[in-house]
């Protein structure tokens, strides 16, 4: 039989970002999922390489297996086929707080050099901000208490700042060892995945350092998109492009976000 | 038509005691029920004059309507027809603690002059008691937090003591005003119903005082069964004997306690 | 036993100007119809409490009902900003809006404290963040056994809590299922409560995952079919995700917002659902 | 994911001499078979934890498994005393038994603290009683908002919790319904856990009022039909009230107790239920 050579399917930067995030999740991982890219990535992992992954949504869904992707964290599609649905106090107090979650996904309007996240206010002061963001949601405790945190965020100099305007969620504070000093039980951001590549804390300084590039991205691009002098890991690697299967599942998933237009019981 | 005069049905002292307790419960009362006489009395009230009474058992049953009387607080018969079944932490934290219960029933191996109850130890010291009783169960918080407490206990000098050996549940402490000083939100024992009559706290001193006698009982009998100089209310009344209907329902109920002998899944 | 009334009677009886009012529902079962009735009845100076303000609070804030907002995440889920909320915080329009801001874990525990009759709740939270510096209802407490310092949050005790549920029976026992959010705690924490329901039935047939609020713990029940739209009631309706997306453009501009509110809420009698 | 094993393997693997062990079940779903296996395997110096010691702890105490008991109500419900518990406390037979005594509200909250990863829980309790003078795990904490003083109880973190449930699936997800007690909290508070179940099934069909313990939160599951007898599993068996009544005379006398234990437990292989 002749081997037919195919050109790899072209892909968007956001798709690479989502696939890279999905690859962080091993089978059996207990994963606290936010809405948007994290939800897409976690479900991509569940459908491809990690069928035994346990997805927990802060709306109280444990062991979610949504048939289509939810638009919000509380779409009815999350309830069907889930192992359990619990109250919001229970999901935070019984499941997140005691450290039962392996990986928590987070994002932010600002991410700083030490992986701290801001989703509260930008500019001005707290009472009179230039931009009022949605606020904390579940993020501060996810950042504090999950064994590992994966941050998913697009990389621009406005987002990747030297110091966040407001610490909504703690990464590594202002130096290595700060998490221990604060008594935070979780491990902090293991990796920050962007549309350019991935950053990880330097083992000595806890400063976010470029550890991988997506296919086609460059170190210069990453540096230009970062608001501090970005260090590059000596082991810088290039992420594998999305496989055909990853891309196919991802595109099928994203096409279903929020389902079709429906009337609310009228 | 000729009116047929009937002799009143004879009854036991325990039956009078249970009927008197049932009469304390108005329709619509939210009632925290312990096992034994309280459960019998509360269900008697539900079936006779108080169909809208809400019975709560500490095993987590809210709005119980058992077809037969349970032997234990956790018999399956309590689950059938109940409005809701909640966890034990929920029944204490969400329902008892915030003061949602109108009436709580209690009993004790000792009851003292100020309505304090002992279900812990008698004689010796705490670590080496003469008699080890079952302990507190739900009683301390029922005594503290229900709007009113009704105590059901047979009256003997060993039970009705001047001062309990161990305060498991607080009545009125050692004087009027003690509940307020302790910050207890519930009203304390409104009435102590015995096989001889009823005692209620004196409005000025909070000392338990004889306020009613069951038919056929005497003040002398009550005094002889009480371990402190028992005061008698100037308004001492005699309890109405059980009606035929009360007796009939009560006897039907008590005949069913614990159901018939059943094999546990063998 | 809860009284069964109409939603306009219930709002008139239970919600007064200046009250602290919680409308809860975590994406699911959001009591939109009751919120619209509060807008129609012109309530002012409310302290609005809600974990996720969502569109209903964007509307109430934009219509000037609120003086203060207590919350933990104020966005249009999966879509973007709440423009009326932002306009109030950033520009004081139509009236200035004070905020009291928490995390979800903090807000959930504040309701739990309220529901359980405690003045505060303890959690592992807020450490190292900038929130405690701005929010006085976050403090610290020391464990009397281990000496560890933990976060404490003040109990929430709303004057009124309003939620939507699938069903109630004629004694006012309320049944809800699907995503449960913090509704049970929010009702039990409040001094008074209103539950709007899809339908009042003779008997509540129990369902897996349902929660019952006994009638003696609820003040009023009102039958409002579709009363959660554009949110939803599992088993009765689907979330109107398209309306959530459209709200972004309706609400971005003050005039377009006011025009929509006039037509869809103020000039509606609240019995027909005209919000989409 | 929970591992599915036999009850004797599970006890051998999870319970060691000197461990703090909680067997929970509030009248309903008491894990008798697992308790008997602990007796058969001859465990010693256990700290036994349980809100309502019941017959199973009377048996374990009488057989000398326990050094210490943490509890809130030790009786034979509706019948009378636990004679072996009393004999241990009053006379030190067969070995002295230390006790750590709480109210139900206190014990329930100690499990909640353990399950939620907090070192203590706060409640309105114990005020004015003689319990705090004898129990060091009851202390006091001051509300940082109101200054009010409330009771604090230390978290319970058993080495092992054992409960019985109706069903589990092959991934170790556990399903229970009926009276729920404090089992979920007791399992989540423990470092290791064993759930014995009436049956292991392919798919858990959900039921009204059921609770699911996800497989990732449970260490071991063992299929033991009838494993709660003489307690019961709603939907599978009825409480053997007659045996509870008979226990009063079996257990009143040391020799009659030992004779019964030998025949019904020690010489049983633990696979057939021979306790009645």
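Residue numbering begins at 1 within each chain, and the chains themselves are lettered A, B, C and D in the order written.
Here is the rule we go by: a contact is a pair of C-beta atoms (placed from the backbone, for glycine too) under 8 Å apart; a residue touches a chain by one contact, two chains touch by 3 or more.
Note that this is a predicted model, so its numbers are computed, not measured.
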Just to be sure I understand the contacts, which chains border both subunit C and subunit B?
D
With chain centres defined as mean CA positions, report which chain is farthest from subunit B.
A
Roughly how many whole angstrom separate the Cα centroids of subunit A and subunit C?
28
Centre-of-Cα separation between subunit B and subunit A, whole angstrom:
57
Chain centre separation in whole Å, for subunit D relative to subunit C (CA means):
40
For subunit D, residues that touch 2 or more chains besides their own
117-118, 123-124, 148, 209, 211
For subunit B, write out the residues touching at least two other chains, lowest number first.
93, 97
Take each protein chain as a node, join two nodes whenever their chains touch, and name the resulting shape: line, ring, star, complete or other.
other
All pairs of touching chains?
A-C, A-D, B-C, B-D, C-D
Interface residues, subunit B side, partner subunit D - complex
35-36, 58-61, 70-76, 78-79, 85-89, 92-93, 96-97, 120, 126-132, 134-141, 144-145, 166-170, 173, 178, 182-185, 257-259, 261-266
So in the complex, which bits of subunit C are touching subunit A?
26-28, 51-52, 71-75, 77-79, 81-82, 85-86, 89-90, 101-105, 108-109, 111-112, 123-131, 134, 148-149, 178-182, 184-185, 198, 209, 211, 225-226, 228-234, 236-245, 273, 276
Sort out for me which residues of subunit C touch subunit D in the complex.
117-124, 137, 139-146, 148, 150, 152, 154, 206-210
Give every residue of subunit A touching subunit D within the complex, in rising order.
28, 30, 52, 54, 62-63, 83-84, 93-94, 97-100
Counting only contacts in the complex, subunit D reaches subunit A at residues 1, 115-118, 171, 173, 188, 211-212, 214, 216-217
